[in-house]
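The structures come next, written out as C-alpha cells.
Paired with chain B in one complex and with chain C in the other, chain A is shared by the two complexes that follow.
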Partner chain A sequence: MAAAARVADDEGGQHPALAFLIRAWPWLFLIGLCVFFESWSRASYGVTFLGNTFNLQSIALFAAFPLLLGLGQTFVIIAGGIDLSVGFVMGLAAVVMARVMQYTTPVDPALALALGILAAIAIAMVPGWINGTLISRLRVPPFIGTLGMFGVARGAGFLIAGGTTVPVNNPWLFAMGNERLFGVPIPVAITLLVVVAMHWTLAQSKFGQYTYAIGGNRIAAVRSGINVRRHTLLLYMISAGCAGIAGMIYTARFSAGAAQAGEPILLDSIAAVVIGGASLFGGSGTILGTLIGALIIAVIQFGLVFINVEPFWQFVAVGIVIIVSVLIDQSKGRLTGERKDAE
Partner chain B sequence: MPSEPILRCEKLSKRFGGVHALENVDLVLHRGEVLALAGDNGAGKSTLIKIISGVHPPDDGALFYKGEKLRLRNPRHAREIGIETIYQDLALADNLDVGANVFLGREPTKSFLGLQRLDRARMRAVAHEVLDTLDIDIARHKFVQPVRNLSGGQRQAVAIGRAIYWKAELLIMDEPTAALGVPEQRKVKELILRLKAQNVAVLFISHNLVDIFDVADRILVLRRGIKAGERRPSETDHNEVVRLMIGG
Partner chain C sequence: MHKIALALAGITALAAAGAASAQDKPTVALIPGLTTDAFYITMHKGAQAAADELGIELIYQGGPEFNPTVQVPVLQAVTARQPDVILIAPTDKQQLIAPLRQAHDAGVQIITVDTFIDDGKYQDGEGEGDFPLSYVASDNVQGGRMAGEALAKAVGGEGKVYVSNVKPGISTTDQREEGFKEAMQAFPGIEVLETQFNDDDANKAAAQLQAVFARNPDLVGVFGANLFSAIGAADGVKALGKSGEIRVVAFDTPTRIVDDIKSGLIDMAIAQHPYDIGYEGVKAAAAVIDGQQIEPSIGTGFTVMDASNIDQPEVRERIYSE
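And then the complex of A and B:
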C-alpha cells in the first residue's frame, strides 16, 4: 500500500512510455521523415533517397547554417534569453570578410583568406559585445536589445556591401567553401568541429553548468557567486561568434559576401533549438537536440525539393513543426506532473 | 563561564530613506544555539539577517564574529567565513539535480585531455553523503532528477545540506517552515535540532509561534525596528511573545 503510493509519487502519475515518447520524439520524427522520403523516392523514381552521397552532402550543407546559428542560440535560450540578431550578424560578417579579401587578395591570396577569417570573427564580436552589454549591464530585455541589433547589423551590412553582393575571386576561399576532406565538404567539417566544441562546453564544463543554472534560477545563480553579468555577456558573444563562423562559410561557399546571407536562417536556427527540446522559458536544451532539430529542418527542406513539391511548402512544413514542438514543450509539465514555475 | 559567542551584534541601525528599519539592536548567538527572530511584518527581521549575511552594510553599530570585528563586503564574503543564509525561496536551480545544487558555483572538476570537466560522480556521491548525515530520505533515482521534482521539505533539506557541506558555522534561515505541510515542518524542525547538536549556530525567522517554541533556545522579538524583548521559551508563553510583537 505504502509502496504503491510511493511509486505513484515518484513517477508523477505518468506512464514511462509516455515520458520516453516526449523525450525521444525528435529522433523518432527524424527517422519517420527519412523513412517517408525513402519510400516515396523508391516508389516514384525507383531510386534510393538516403543511400545517395550527393543527397547526404546536400542535407548536411542545408543543415550547416541553421545549425551554426542554432549552436550559440542554444546557449542563449538555455540561459533564458534569445538572440534575434544572428541572421544579420552572419550577413555582416560575410560582407566584411568579402570586402577585406577584395582588398588583400591581390597582395597574397592565402594571407587574404587568413585576414578575411579573422575579420569575419572579429566584426561579429562587436554586435555580440553590444548585445551582451545591453542585456547584462543595462537590463535591456533580450528580445528588444537583439531586435535593435537585428536592424543595426542589417543596415551596416548593406552599407558596407554598397547595397549588392561583394564578390571575391580567390582560389583559397573557393577551396574552403567547395573542397572535401575525406569526402566531407569542408563547411560541414568546420560545422562539426564547432558542434563538438559547443557540446563539450555545454555538457561537461562549468560554463555549461552555469548556463543551465542561470536559466533555471537567475537569483540562485547570483547568490551562488556565479558572475551572471559576465556570463551573460559571454553568451551573446558566443552566439555572435557562431554567426561570424556561419558568415565566413557563406562567403567561402559562394565566393561572395551578402548582407542578407542569414536572413532566412534566423527562424530556422531558433526552430532547430526549439525542436531539439530547449524551452523558451530557459533552463533546458542540448546541443545534440539542436543538431537533430537542424537535421529535421534540412531533411524537410531538401526532401520536399527532391520529391518535387513546390518549394513554398517548406515554410509551411517547418512552421508547423515549430508550433508542434512548442506545444509538446508546453504539455511536458502537465504530462509529467512537473511543477512549472513559469505558470 | 560561557564560551565566546560566535556572533555578537552591537547597536545595529539601518535606515531606508526616512524609515528606521532597525535601531540599536543588540544580538548574541553561541555555537550550538538556536535563536528565533519574531516580529510583525515590517519589524526589521529581514533587514537584520541581511546585515548579518552581507547584503546590507549597517548604518551604525558593529558585528563581531568569533570575537573579531567584522566588516562584510558582500554575501560571498559572509559565506566564505562560514555564515550561510537560506532564503525563503531557497535559491535552488530547479532544473538541476541535487548534486549540482549542493555544488552550485563551486563545482569540482577533473582534468580531461587538459580540459576541466565537471566531476558529476563526485557531486552525486557527496550529495548522497550529506543528505545521509542529515538523515534525509530521498529516493535514489530522484538524485538524478531536477530538484523541482522533490517535495518542499526535501528541497529545504537540499538547501540545508548545501550549507552544511560548505561548513556553515552560522546558519541563517528565513521562514524555513513556511509553505510546508505539517509532516514536512516537523522534518525541518528535526533538522534544525540536528544542526544544533552538530554545534552549528542557527538564526531563524518565523511567524509560527509553535515552531519557535519547539526549537528555539531564545526568542528575540523586534517591533518597528527596535528590540522589544528577548526571552527563553521556558520563561515565557505565546501570549507574552505576541504582546511584545504588537506592543501594548
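And then the complex of A and C:
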C-alpha cells in the first residue's frame, strides 16, 4: 500500500492546499456536477436528479461498461502502454458467449449460462495473450499492436455472428442482466466486485507495485529484477479479461451478443482513466480515480439527456472535461515541483 | 466558497427562468436511431410541428451512432423524466426488447417509429416485444413495389434486372426486396437475377454491378435497396459507360440524391416521408394520452422522384433536409 500510494501521489507539498485541490479535484468535480444537475432539475422540472433509485441505477448501469474496460486499461496505462482493442474484444466475447449459449440452452439453461461465462472469459484471453506477446516479446509498440488486434477482434466477432446480432433466449441469462440484488442491478454488482479485486491488486499487491515501477522507469524496473516481459504479458491479459467480463454483461443485459457492442465505449473508457488522474506517460493512476472518471462521464451524459440539452452539446461537454483533466494532470508537475522523467 | 455559492445561485435562477413554463403540458419523447442522419432530423421536424399544434412538450434525445450500447443509456435517461409516451426508432429488434420493457414497466407508453422490436406486430398477444402500442413507419413492401413498377416502366418491361441489397436479416431492406420482386411478377418480359449483398459498402456494390454485367450483357436495370447500394450500383454503371442504358432506382433521398438524379447517375429515387412519420407518431401519442385506442400499425407514404419532377416544390420538400 505504502509504496503504491507514494508513487501514485508524489506531490512535493510546497502548496499544501493547492496540492490537495489537485489531488481531490475529480471528487470535487463529481460532487459539483451532481449539485449542478440536482439544482437544475429541481428548478426547471421540479423533480429530483439523484434522490431517485431509478436514476441512480441507470447512472450506475451506464458507468459499468466504460468502467469495466477502464479497469484493465488503468493497469496498461500505468505501465506506460495502451490497449485499443478492448472495445472489440468485448464484442467478440459477447458474440462467442451468445453462440455457445444458443447451442447449449436447449440442453440445460443454467449449465448453458455457466458455459457461456467461461467461453466469454476464455475467448477474451486469446487476443489478450497475443497483444501481450506482440508487445512484450516482439517489441511491437502497444498503439500499433492493439490497433491491429482491434481489427482482428472486430472481424472475428462479425464472422462468428454472421454479420448480425446473436439472440439468446435463456431465463438465467436474462435474470443476470436485468434482476436486482438488494436494489443493486446484478451487472453493477459484478462490476463492483471487479473494482474491488482490481483495486486490491493495484494498491496492495506486489503485482501492482511492479506495474507502477515499470511505468515509472522501465529500465530501472528491469535492473531491479522485475520480469518485465512476463508482467507486461499479464497486464494485457488483465485488460482483455475485463473486456471479456464487459462482453458477458452485455450479452446478459440485451439477451444477445453483438460484435459492435464495445465500439462506442473504447474512448469513454480511456477518458475515464485519464479523468481519474492517470498519466498517459505511465507511472501514475489509481482504480478509484478510474471509478470516479467513469462516474463523471456517466453523470454528465445521463444528466444532459435528463435536463434535455441538445444532443450535440453532449459531445462538447465530455470533450471539454477530458481536456481540462489533462491540463490539470500537466500542471500537477509544475505546481508541485515534480518532474516527469523522459524515457 | 463565496464564488461557488454565487455560481450555484446563478445557475438555479437561470434554470428557474428557463423552463418554468413547461410543467403541466403532456410530454412526449422522440428517440431516433441516431442523431446525425438527415432522415431522423427530418422526422424530428415533423414531430415538432405536431407537438406545437397539439400543445405537447417534445423531448428529442438520441445517440450519435446506430448502436444499442449508445441508445439504451439515452432511453434510460429519458425514461427517468417520466414522459407520457416515448417514440423510439429501436436500433436492434432483439436487444431493445428488455430495455423498452423496463421503460414500459416504469409507466411510460411505447410507440416505435421507422424500425421495430420483435416481429413488429404489437398488441396481438404474441412474442416478447408485444407491449408497444403502435409501429409508425413507411410500408417498405409498398415502397419496394413502387420501385419495381417505376423500373419496369423505365426499361419498357423487358430485360434483366437485380436487387443490390445490404445484407440479409434487416427487416426494412428485406421488405423492400420482397415488394420489388412482387411487382416484377406482373412483367413477364423481365427476369430478376440473384440479389447481390454489399454490406452497406458502395465500393462493393459497384464491383458487383460490373460482375453481374460481365455475365449478363443484357442487364437493363438495378434496384438499390438503400442509399449506399444505389450509389455504388450507379457508380458501377458509370464506370461501364452505360449511364442511361442500365437504369438505377434508389431508395431514400438525402440531399445529394438531387444532384445524382440531375446528373443522370441515378434515374429514380423512392422517398420515404420521415416528416410524416414524426408527425403521425406524435399525433398517435397525443391520442394515447387522451385515452383513445390507436392502430397497432400506422403506415406513411412515398414519393417517386426523377428528373422530370425533381424541381417541383412539392417533390423537393420530400428530400430529407439537414
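Remarks
To be clear about the criterion, the second predicted complex is superposed on the first by the 327 of 343 C-alpha atoms of A that agree within 3 Å, B and C clash if a C-alpha of one lies under 4 Å from a C-alpha of the other, contacts with A are read in each partner's own complex, and residues count from 1 in each chain.
Just so we're on the same page, a residue touches a chain if its C-beta (ideal position, glycine included) is under 8 Å from a C-beta of that chain, and two chains touch if they have at least 3 such contacts.
The shown structure was predicted, so the numbers you read here are calculated from the model rather than taken from an experiment.
Of the two partner chains, neither chain B nor chain C is touched by A:Trp172. Contacts of A:Phe29 after superposition: neither chain B nor chain C is touched. Which of chain B and chain C touches more residues of chain A: that partner is C. Of the two partner chains placed by superposition, only chain B is touched by A:Arg223; chain C is not. In the overlay built on the shared chain, the residue A:Gly215 is in contact with chain B alone; chain C does not reach it. When both complexes are overlaid on chain A, the residue A:Phe54 reaches chain C alone and has no touch with chain B.
Touch criterion not met for A:Tyr236: it reaches neither chain B nor chain C.
No residue of chain A touches both chain B in one complex and chain C in the other. If you check the complex, the residues on chain C that touch chain A are 8, 11-13, 15-16, 18-20, 22-23, 35, 59-65, 67-70, 72-74, 76-82, 92, 94-99, 102, 106, 167, 169, 199. Contact residues on chain A toward chain C in their complex (touch as defined above): 35-36, 39-40, 43-47, 52, 54-55, 58, 61-62, 65, 163-165, 167, 174, 177-178, 250, 253-256, 258, 260-265, 298, 301-303, 305-306, 308, 311-312, 315. Note for the complex: chain B touches chain A at residues 75-76, 79, 87, 89-96, 100, 104-107, 109, 112, 115-118, 139, 141-142, 146, 148-149. Those residues of chain A that touch chain B in the complex are listed here as 6, 10, 12, 200, 204-206, 208-210, 212-213, 215-217, 219-221, 223-226, 283-284, 338-339, 341.
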